[in-house]
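Please read the structure below before turning to the comments.
The chains carry the letters A, B, C, D, E, F, G and H, assigned in the order they are written, with residues numbered from 1 in each.
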Amino acid sequence: MKQKNDDPIHIFSRWCKKCGICIAICPKNVLERGTDGYPYAARPDDCILCGLCDIHCPDYAITVKKKKDVKETEHEGA
Amino acid sequence: MIRTSETMYKYLRPDKTFPHVWCPGCGIGIVMGALVRAIEKTGFTKDEIVLVSGIGCSGRMSTYLDFNTLHTTHGRALSFATGIKLANPKLNIIVVMGDGDATAIGGNHLIHSCRRNIDLTALIVNNNIYGMTGGQYSPTTPMEDKASTAQYGSIEKPFDICKLVEACGASFVARSTTYHAKMLDALLSRAIDKKGFSIVEAMSQCPVQYGRRNKKGSAVDMMMWYKDNAIPNPAFKKIPPGEVGEQFPVGVLVDLDEPDYLERYSQIVKKAGGDKL
Amino acid sequence: MTRYHLCLSGSGGQGLILGGALLAHAAVRDGKNVTMTSSYGPEARGGASRSNLIISDTPIDYPIPEKMDVVLAMNQESCNKFVPELKDDGILIVDSTLVMHQPPIKHYSIPFTDLATKAGVVVIANVIALGSIIALTDIVRPVSLKEALKERIRADLLPINEKALKIGLGEGTKLKKNIDEYYTY
Amino acid sequence: MKGHKELLLHGNEACAMGALAAGMKFFAGYPITPSTEIAEFLSVELPKIGGTFIQMEDEISSMGAIIGASLAGVKSMTATSGPGFSLMQENLGFASMAEIPCVIVNVMRGGPSTGMPTRPSQGDVMQSRWGTHGAHPIIVLSPQSVLECYTLTIHAFNLAEKYRSPVILLMDGIVGHMWENIQLPEKIEVIDRPEPSVPPDWYNPYDNLPGGEIVPLVPFGEGYRYHVTGMVHDKSGFPTLVHEEVEQCLDKLIYKIKNNLHDIIRIEEYMLEDADICIVAYGSVARSAREAVNIARNEGLKVGLLRPITLWPFPRFHLENISKRVKLFVVPEMNYGQIYGEVLKSCPKKAVRVTRVDGELITPAQIMEKIEEAAL
Amino acid sequence: MIRTSETMYKYLRPDKTFPHVWCPGCGIGIVMGALVRAIEKTGFTKDEIVLVSGIGCSGRMSTYLDFNTLHTTHGRALSFATGIKLANPKLNIIVVMGDGDATAIGGNHLIHSCRRNIDLTALIVNNNIYGMTGGQYSPTTPMEDKASTAQYGSIEKPFDICKLVEACGASFVARSTTYHAKMLDALLSRAIDKKGFSIVEAMSQCPVQYGRRNKKGSAVDMMMWYKDNAIPNPAFKKIPPGEVGEQFPVGVLVDLDEPDYLERYSQIVKKAGGDKL
Amino acid sequence: MKGHKELLLHGNEACAMGALAAGMKFFAGYPITPSTEIAEFLSVELPKIGGTFIQMEDEISSMGAIIGASLAGVKSMTATSGPGFSLMQENLGFASMAEIPCVIVNVMRGGPSTGMPTRPSQGDVMQSRWGTHGAHPIIVLSPQSVLECYTLTIHAFNLAEKYRSPVILLMDGIVGHMWENIQLPEKIEVIDRPEPSVPPDWYNPYDNLPGGEIVPLVPFGEGYRYHVTGMVHDKSGFPTLVHEEVEQCLDKLIYKIKNNLHDIIRIEEYMLEDADICIVAYGSVARSAREAVNIARNEGLKVGLLRPITLWPFPRFHLENISKRVKLFVVPEMNYGQIYGEVLKSCPKKAVRVTRVDGELITPAQIMEKIEEAAL
Amino acid sequence: MKQKNDDPIHIFSRWCKKCGICIAICPKNVLERGTDGYPYAARPDDCILCGLCDIHCPDYAITVKKKKDVKETEHEGA
Amino acid sequence: MTRYHLCLSGSGGQGLILGGALLAHAAVRDGKNVTMTSSYGPEARGGASRSNLIISDTPIDYPIPEKMDVVLAMNQESCNKFVPELKDDGILIVDSTLVMHQPPIKHYSIPFTDLATKAGVVVIANVIALGSIIALTDIVRPVSLKEALKERIRADLLPINEKALKIGLGEGTKLKKNIDEYYTY
C-alpha cells in the first residue's frame, strides 16, 4: 500500500513482520492490513497521534509524528 | 511521550541486522522499546549504562543496544553484574533475563541479589516458557499448560516472581505487560533511578513457543489477554480472593527505603580506614 | 549405484527439517539408505535453516552431502547461499513467492508459499515443495511419501497435507513436461 | 532386502529409545541445544511406562536427581551439552566416588563457553575424562551413527551397572542431530543390578572383594541400611582417614576399571591388517575417515582405521600394538587434538593431527590431504 | 513423653564413635534427638526412612543415624532427595541441611522444591553461621554480627527462611528452637507425616563459631535467648509491628492442603496410559 | 644474616598478600577448606584500601562476579578448592572465551568429590587444564613455597593482564597451609592493563593484531562501548558463524598462549647439567624431590630436578631437550600420575611415576626408592 | 560425683561434654556441676521426672527414668 | 647445623596451631628458618589437630618433620598416635591433666590444663606448654617468644598469655633441674 508523505504514520516495511499488533492496538481504527499483509493507514485523518501503535510495534517499524510536529505543521499551514 | 521508533535509532547498534531476530509478534521487541524509552527518560549517557543479559531469546537484547553490553552465561547475569557494580559504582547496570534465566537456573542469584540489596535494575522478560531452546516449560509456566517437555500439561506450580523477590527483600518490585507498554517504561525508569535492587517483571507474549502450543491465539490475542487480566495494584488489592481468577496485579508492588549494599559497604571501608586513602 | 544429495533450505519456521524427515521416511520405504543432517542459526532458534539428505542404495559413511543433486531454496538468503553447492547438472528449485532475485542458472521456480496460502495454510508450503521435488526427480515414490505423511503427521492435519502433496506433485509434473518454459535465467 | 524394524531415527531419539530399551525409568534434565530432543522424547514416553521424567531447575540438580534415583534402585540418566556438562562436574565426581551407576549423555556443541550452540564439535573429550576435581575413573563411549546412539546407550547402562560407575555417552552434535535409517537389533543384552549375595549385617557396600569382584549396590529401602558419602570412605561407606583405607578406597576406583579393560574397551578396526597408515577417529569423524580409507585404497595407499568406541579408558594397548606395524597415525578430530594427545603418549614421533573447530564435519578430503602429504 | 537418651540407642549406629563430633553445647545434638523422637512417633521403620544430608556440621547427622543415609555434596541434598523420592515413592525422605547448605549454595534447590511441592521433609538447622568451615557469615547471619569473613560486622540483610519458603509455595512450614525441643519433635513428626514439601527450621546454637565471636555467652545463654525471643505464632501475630524487636514466631506457620508432585505426576501417567502396565 | 621484611607467613596469607601487592582490589568467593584463609584475610584487608570483598552465595557466582569486576577495570580474584573449582568451570570457560583477565586460586585438597577436605593433594592438575567444555587455553602456575605463594600470585596477575586470560594458581594444600619464614622481594614487577591505542570508533576488542599483539581490554564505562559474549565472536565481539571469523576467534585463543611460550613458561632446574635421571616435580613435592636429589648425589647418583613452575602450558620443549640427555624421568605426584601423562607425550619409554593419594606428602625416601630401582 | 543406683537421673559421663545445659534447663534445680565439671544430681528427690534435661542434652548423656517405671517401683515397694 | 623437628598435638580447640605459629615466630626472631605444617580431622572442624615444625639454621626443603625431637601431646589420642614418631633421644612432653595413660618411655609430664584453669582460663594451656618446651629444650629464646606473643595476641589478652608463658617456663625449669625425678615409666 502506498504511503503518502504527509501521513502522520509511517510504516517501514523492511522491518515490519506483519504481526498486526499496531492494527489491533490503534484506538481509532486507523490502520488496516493490506493485501500484502503489511499494515497501512486506511484512515489517516482519524489518527490522534497517540503513539500507541508506535510503542507497541515489536519491530520499531511504525513511526508516528509527534503531536508537536504536527501542530507546527498546522500552524504553518494556517 | 517518547516515541519508540525514533528513539530507537539513537540506541540501536547500526551495524546489526534488522529486523531483529525475534519472531513476528514477539513481545521482547516491545519490552526493548520500553527499556530504551526509560533510559532516555533517565538522561544517562550510553557510556554510563551497562546492559548485562543472560542467555535466551530475551538475552539477545544485549547484542542490539549500543551500551556497554555483556552477554553472560545462562542464569548468571546477576553475578556478573554484581561484580561490575561493586567494582565501579558509577555505572548503571541493567540486567535483562528471561523467566528461565532468572528463576530456573539463575534463581539463587536472584534471591541473593534481593537480599543484599545490590544496586542493580533487573528486567525479567517473562514469557512463561523457555523460548530459545524451543518451548520447554519454565518455572512460570502456568499449571496444566503445555510445553515441549510437558505434552500432558505442566504439573508444577509456577512462581509468582514478584512475590518471591518481595519475600527475599528486594527494595523495588514492579510488574507490567507488553500491552501496558507505557506503564512499563515508566516503571523501568523508576527502577533505574532507584537505589538498591529493583526488579521489573515484564509479561511478554511468546506466540511461537508458548502461545501456539496452548491455543492462546495470535500475538494480538495474547496482548489482549494481558489487557483483560492485568489489574493495577490498588484495584487488584480490592478484588475478593475468590474472584481473582487469572488476574494479576501490575504497577509498583514494593518500594522500600533501605540503604543499598554499596552504602553499607562504604561504612565498612570507613571502619577499616580505607576511606582515608 | 544411485546416490542423491539434496539440500532443503529456507528460514526457521518453514518446516524444512520436517520436510527432510518426510523425504527420508519415504526413501526408507523405498528400501534406500538415508542420512539427514540439518543446521540452524547461531542459537537454537531463528535464522537460516537447512536439511541435507543423502539417499543411496548402498550404506552411507560420510554423511554430509557436498555437491548437491537437488537444492530447494525457500527464501532469498538460502538461495544465495546454497546455489554454489549445486552440482553442474544439479536441480535448483526456488520458492518464487519469497525468492525475488533468482540466480542466473537453470532452475525451477514455483510459488510454493502462495500456493500454500491459497490452499488454506501457509505452513504446508514445505509439503507442496516436496511434491514438486519428487515429481521433478523421481528420488522417492509418491506413494512412499504419502505413507510417510501418514506416519509423521498428526491425524487432524493429514488431509491438508495430503492435499499439499497433490498440489506439489501437480505443479512439478506440469513443469517437468514443459521444462524449458519454466527455466528462467 | 531390509529386515524388520527398519526405522528412520534421529540420533537423539535413538539414544532415548536405547535408554528405554536398557530399562531406564528415570530421567532428569535441563534443556540445552543440541540435546533437548532426548528430554522432549522421554517426557512423552516415560509416563507411558510409568517411569519418571522431571525437568529440574538446572544441570546441577539434574545430576543430583539421577544419582538419587539410582540409589533408589532405578536406572537413571540425564542429557546435556557443554555448558550443562560443566555444571554437572561436581556431582559427576560424587557419582564416581560413591560408585553410583548412571548415564550422562553429552551431545557436544561448539565451545568453549556458549560457543556455537547449533554447531557440532568434539571439544569435550578431555573434559569428559578430567572435568571433575580429584583422581577418578570414568567410562566414556562415542557413537558414530544413529544405530550406535541406540546400541551404545544400552551398552552404557550395562557398563554403569556392571562397574557401579557413571558412564558418559559422548555424542558429537552431528551424530546426535542426524537422521538415519536403522534396523534395531533383534536381541539386546541388558544387565540389571545384581542382588546382594550377603544378608544386611554382612553387607559392606564398598568392600574390596577378592578378584576385584564388584559389590552390588542394594537400593535404599530394602533392609540394607548403609551410608553413602562423597568423602573418602572405608568399606562400610563411612568417612575415614586411615592410611590403608584411604588407599583402598581410591585405588579401587581406578582398578575396577583398569582390571577390566578387556571387557570395557570396544574398538573397531577397518582395513588395518596391512596398513602403513592408521587413521584414529571416533564419532562422526570416523565416517569421514572410513570414506578416506576407501579413497586411499583406491589410490593404492595402504590406509586403515582404528575407531575407539570406548574413548575412556583409552585403548592404549591396541594403539601400541598397531604402532608396531604402521608408519604413521593420522588423528582427525573436531577439536585441536585431544585424542591426538593420547596417541602421542604411545608414539610421539609417528602421529599427526587433522583439526577442525568451525562446527563442520571434517571431510574425507581433509584427511586425504594429510595422508598424501605423508605418502610423499 | 519419649526420652531422647533411651530412644537414641535404638537409632544411633553402634559402630560410630561417641560422644559425637559436635562441640560441647552445640545445638545440633539436641536437634538430632528431636528428629529421632519424631521418627519414633511416626512409627516408620528404619528401613522406610532415608536421611539425606548436605555438607556442614549439621550434615554429619547422616553418619550417626541408622537409616538409609546419604551425605551429598554441599547444597545439593534436595536434588538427590528428589531423585530418591520420585524413584521410590514409598520411602520417607528427611533432608537435613545447614543454613548455608540450604539457603546459600543450595538456595535454588530449596525454592524449587517448595514450588514443586515434592513430598520431602526438610530440616534446616539454622545456626546463623557456616560452622564447619570456621565461622564465615551465612545468609542468615544477623546484620552487624561478626563472622570470620565479616570482622567489621555483616552488612547483608538475612533471609527469613520461613517467609522465603512460604513465598515459594511450600505446603508446610514450621519453626522451633533447641530450647523448644519438645515443640521441635512435635513439628517434625507432623512434617514427616505431611504429604508435600514440608520444612522445619530449627534454630540451633553454635556457641563456638557464632556465639563466641558475637559475645552471645555460653550455649546455655544462647538457648535462653531463644526462650525469650521465640514466640508461638498466634501470640506473635498479635505483637504490634513496632514492638517485635528480635522476637520471632515459632510453631506451624503454613499448612496448606495441596496435591503433591507425585500425586500430580500420577495423573500424567494415567493420561499417558502408563498406569495400565 | 637475615635482611629486612623477614616474615613468618602462612601460604594462603602470602597468596593474599601477593594479590594485594599486584593491585588486586576485588575478591569474591565462597568459603571452602583449605582455601578459606585467603578470603578471611582479604575480608579484613581489602576494606582498608577501599577495595571490595564479597562473599557470594556460591562458587558459580563468585566466578561470575570476578569476571564482572575485571570488565569494570579492576583486578580481581577468587579462591577455592576442588568442589568449588568444579563449579567454577562453566564461567571459567567464559573468561577464557571472552578473554577476561582474572586469577583463580585452587588450593588442592584430596578428591574426588568431598574427598578429604583437610588433606592436601595435587589431584586437580588435569582438571585445571581441561575442566571446562570446549577447546580453550589456560595458564596454570604451581608454587612450591610460601614465598612463591606470594611471588607467583603477582606473576599470575601479570600474566592475566598481559594475555587477557584467566590464570590459575594451583596450590597444593601443603603449600597453602604451611607456615614459613620468607623475605618479601624488595622490588616486584606489576603489569597493569594497558590503555587502548585507538579511539572508540576504531576499537575492536577481539581484533587479531599483526604479530599477535593483544588488544587491551578497555574497562566498561570509558566510552568504548562494545559487546562481550561467551559465543564465538568476530573481532568486534559479536556472535558469528562465518567460517573465517570462527576460526580466527578460536585460533587466537590458542595462539596467544602458544606464541608466547617463552614468556609464559617458567621452570627451575636443579643439578640437571650432568644428570642421568631427571625428577619432574612441582609444588610441595618438588621440595621432597630436591631433598631426594641431594641424597642421591651423596650416594653418587647423578640425579637432577626439573620443576615446572608453569604447569600449563606444559614445558614440553624443555622436557624434550632434557630427554636427549637423561636415561630416565621420575615423576612423583600426589595423584595417580597427571603430569606423568604429559611426560609420556615426549618420551613414553623413559618415564616412571611415584604416586601417593592418601593425603600425605611424598617423602624423599619414596622417590629414592624408584631412583635406586632404576639405578640397578 | 558418685551416682546412686536408684537415682531417677543417670549421667553417662563418657558422653557428657560438660556443657551445663541440663543444669540450666532443670525446672527443679536438681542438678549441679561437680568439681570435675560433670553435672550430678545434687537434689535427686526434687526431681519430677519431667525429662527436660534428657531431651535437651546435646550428647544423650543424661537418662531420666520414665514416670511409669518409677511408679511401678513404688508399687513393688509398697 | 642444628635442626629441630617438633610436633604439637592435641584436639581441635586447644590452640596448637596458634602455639606452633608462636614458636615459629620466635624462631624467626632468633634468625632461624622455619616451616610449619598442620593437620586436622576429616572435615574442617573437630577431631585431632597437630602442628609440625622444622626449625633450622639452613634452608628447609622437605617440610614435613619425620622423626621428632620434641612431641607435645595435649590429649590421650595424640599421645598414643604421635609417640611412635619420636626420635630415640627425642623429648616427649604430655599434659598430665588429659593424658591418663602415659607411655612407658621417658617423658615430662606437666598438668598444663590444670595449671591454666588455676591461672584463670583454660585456653592458655597451649602457651604454658610452649613455656615449658623452651625451658626444657632451648629451641628458641624466651625473649623471642615473648615478642611473638606481643605480635600475634590481641592486646587485651596479652597479660594473661604472658603470665602463662612465665608459668610454663617455671614448670619447665623446675623439671629440667630435677630431671630424673620427673621421668615416669
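Methods note: a contact is a pair of C-beta atoms (placed from the backbone, for glycine too) under 8 Å apart; a residue touches a chain by one contact, two chains touch by 3 or more.
It should be emphasised that the depicted structure is a prediction, and the values quoted were computed from it without experimental measurement.
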item: Contacts common to subunit C and subunit G (chain labels); value: none
Hypothetical removal of subunit E, resulting connected chain groups: A, B, C, D, F, H | G
item: Contact-richer chain pair [B-F vs E-F]; value: B-F
item: Distance between chain centroids, defined by C-alpha means - subunit C, subunit D (Å); value: 36
item: Inter-chain centre distance, subunit D versus subunit E - centres from mean C-alpha coordinates, in Å; value: 38
item: Length of the line joining the C-alpha centres of subunit B and subunit G, rounded to whole Å; value: 60
item: Where subunit B touches two or more other chains at once, by residue number; value: 22-23, 55, 71, 73, 104-105, 107-108, 112, 133-134, 139, 152, 265, 268, 271-272
item: Sequence positions of subunit H contacting 2 or more other chains; value: 41-44
item: Touching two or more other chains - residues of subunit F; value: 33, 36, 44, 47, 57-58, 60, 83, 90, 94, 113-114, 116-117, 119, 229-231, 239, 241, 360
item: Complex contacts: residues of subunit H adjacent to subunit F; value: 20-21, 24-25, 27-28, 31-44, 60-64, 66
item: Contacting residues of subunit F [partner subunit D, same complex]; value: 60, 82-83, 85-87, 89-90, 93-94, 96-98, 108, 110-117, 119, 121, 123-124, 126-127, 129-136, 229-232, 241, 243, 246-247, 250-251, 253-254, 335-336, 338, 341, 344-348, 357-360
item: Subunit B residues within the subunit F interface of the complex; value: 15-16, 46-48, 50, 52, 62-63, 66-73, 76, 78-88, 90-91, 108-109, 112, 265, 268-269, 271-275, 277
item: Of subunit B, residues touching subunit D in the complex; value: 55, 71, 73-75, 104-105, 107, 130, 133-134, 136-137, 139, 148-152
item: Subunit A-touching residues of subunit B, taken from the complex the two chains share; value: 1, 3-6, 8, 12, 18-20, 22-30, 33-34, 37, 178-179, 181-182, 185, 218-220, 223-224
